[in-house]
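Listed next: structures, encoded as structure tokens.
Note that chain A is present in both complexes that follow, paired respectively with chain B and with chain C.
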Partner chain A sequence: MSLELKTHNEETVIVRIGKALDFRNASEFKAQCQDQVQEGARNFILDFSDTGILDSTGLGSIFSLYRQVSPLNGQVVFASVSRPVQVVVQLTRTYKVFRQFPSVEAAQDTLA
Partner chain B sequence: MSAEHHTFSDLDVLIDQVHDLFDEWERSERFAPALGVDDLNRLKLAVHEWLANLVQHAHFNGHHPQIGLSVALQEDGIQCTISDNSDGFNLDDELTIRSTSLESLPERGMGLLMLQACTKRLSYQRVNGSVQKLEFVVSTKDNPWLKIQFS
Partner chain C sequence: MAENSILIVEDERTLRRLLEYRLGKTYRVRTAANGEEALAYVHEEAPDLIVSDIMMPKMDGFALQDALSEEKSTRAIPFIFLTAKADETSKQRGMRTGVDDYITKPFDIDQLLSRIDRLLERANVYQSQLDAKLGQDFSERLMPKRMPEEPGYDATFYNKPREYGGGDIFDWKKAGDDYFFTLGDVMGKGLQAKFYAFSFLGYVRSSLKAMMDSTRSPAKLMQKINQVLVEDEVMENTFASLLLIRWNPKRHELTYANAGHCRPVLVTDNGPELITYSDMILGLKGDTEYQDSTLTIPPGAAFMAYTDGLMEQQPPDGTMLGEEGVMRCTENLHTDDAPIDRLLEQVLDASHNDQFDDDILVFWLQRHA
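This part shows the complex of A and B:
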């Protein structure tokens, strides 16, 4: 299950989540994002366009990232949210914490 | 009749196999129109959370794992039964502990609470010497939510 990280600019990273962010790859997500924060990234755009499952462990790893970047005035935003992920967002009301954008490009424009 | 039963025995590929099954149900509109796409995704999330719990924490005491998944449409939703031959645990006690100790923006401990939040009539009981059954209904009429503190 491959996560793809792409640097948009010095402070912003796009993470293409792929098929799943769950208990099987949440540690990898955390570690890769942590590396980016250490290199100066503050804003993370999570691209959920192909994602079939976001589970509790995956959501927990996003909360962890949010806790890391919030004191640095950073943001974690969701882009192109698939329906399985939207079900989790609604169930947990996390739209109150993570802004949602219809596409990665729309998120990039706002965070630029 | 709109019902399905499947069995699984390899924990290493269990999650992928079950996800493939849900993908097939969505593609073929297996439970449509009674069950909408979001209802099916809520069922998938509930099943995934339970199986993730089994894969990560269950003790099979040297037995070869045997997992059964049954779903059947009902008037107000879809009934799901997941059987297993692990040692089991007291689900009600775990839910009480987790609901009272959930931190703000929690990194762990949400799985069973998410399962509880998106289901009704949830129970986990031993049905004979070696088999336990999780049973629940995902309602097509509710808009469930789990309260998490964000600050």
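This part shows the complex of A and C:
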């Protein structure tokens, strides 16, 4: 599958979302992030640079992750947000919850 | 469709590895060396089918089968015995305890594969028939049987659920001179989404009923529904976009709160117009605030609301039609006799395929000229 997880430091994980996050791989995304939370990760940087599809199931899995880490004072942030992802974020008015950064590096700097 | 999973239970290492290798080409395979191990795996994650030896140390195949039959959740897992015991007694004993097939060693691997295929196919067909039936039932219950009738107006809606669609909901209630419409989409796909949508609609209905005496503000109602959704463990991880609309036909007024839902459209002689104000989707943050907005429906104009199935239709360039695309398809339809039919036609004309991929829901409120 197209997901790629990289540990930045103990608390922060970078997830490269790939071409799509939708009903086909949303449960995989959920499971992999859950493993990371169990191992101590609190912050997630989601890299959307190649993402053409984010459907409601995919978005739901990101929401679940947010619900999971926010009581732990963790954050879910979006990096390199592509146009289709931006459309969904605008529609659902979730930009108030998921901070956006122009690049993964910029997100890392802020979260560090 | 997801890959089927098979559990192989065999104490002889060579045969176990051979089966793992051959079946692993087509299925997701786990192996266990005896019944005890197998039972532990099954409780972790039930496989779609079990292939088991009979004679094994610790717990043999019969004991495993007995243990599985005792529990409702494991009783129906297709089960194939694989054994050197060719004698009639054990065969009959195996068959009697609810085993689906019986293959004696030495066996032909292709024969085993074709029997596995047949059993899995049968199970999958039952499952999808059941899903379709339940999904249909949920879908019907999530939609009203009739619509409000008010002089000077036509209120209509169209809904076409897909077997693998999502959790669209639509409902209305009369309260004095007002009508309250609920239109939304619970996130997710398939039967699970429909089930969540069904419970969610229950919450919405009871919240409306409980609060109607103290407030008529869609935003206040929305705030309450969001809190319940975030705080209630049963509804944990349920996210929904929702439009709550209060309609007063005498004053020709619509007051609405929008929680991250596709924005409705007002169609007039000046062309279609997006009704822009909206707040965050439900279920994410308990302290989210919602706001009411009010608009007046001019004579001859129409108000249209819908769910994302329309918007997610793909034009030939592979993008999404989007809110703008749907809005363009409503142009001049306020003078049409069958506006919803025309709208669906135009959306399909703009898409690369000739049918809808997702649930379709459209609500059309037409004021007479």
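To be clear about the criterion, the second predicted complex is superposed on the first by the 111 of 112 C-alpha atoms of A that agree within 3 Å, B and C clash if a C-alpha of one lies under 4 Å from a C-alpha of the other, contacts with A are read in each partner's own complex, and residues count from 1 in each chain.
Here is the rule we use: a residue touches a chain if its C-beta (ideal position, glycine included) is under 8 Å from a C-beta of that chain, and two chains touch if they have at least 3 such contacts.
In this text, all values refer to a predicted model and were calculated from it rather than measured experimentally.
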| item | value |
| --- | --- |
| Combined model on chain A where chain B meets chain C, clash or fit | clash |
| First, second, both or neither for A:23, with chain B first and chain C second | both |
| Chain touching more of chain A, residue-wise (chain B, chain C) | B |
| Segment of chain C that clashes with chain B, given the candidates 116-124, 206-214 or 260-268 | 260-268 |
| Touching both chain C and chain B, counted on chain A across the two superposed complexes | 23, 52, 55-57, 59-60, 63-64, 66-67, 84, 87, 91-94, 96-97 |
| Chain B partner contacts - residues on chain A that touch it in the complex | 20, 22-24, 52-53, 55-57, 59-61, 63-64, 66-67, 83-84, 86-88, 90-94, 96-97 |
| Complex contacts: residues of chain B adjacent to chain A | 15, 19, 22-23, 37-38, 41-42, 44-45, 48-49, 52, 55-56, 105-108, 110-111, 113-114, 117-118, 143-148, 150 |
| Residues of chain C touching chain A in the complex | 166, 185, 187-190, 236-237, 239, 241, 260, 262-263, 278-281, 283-285, 308, 312, 318-320, 322-323 |
| Chain A - residues contacting chain C, complex | 23, 52, 55-57, 59-60, 63-64, 66-67, 84, 87, 91-94, 96-97 |
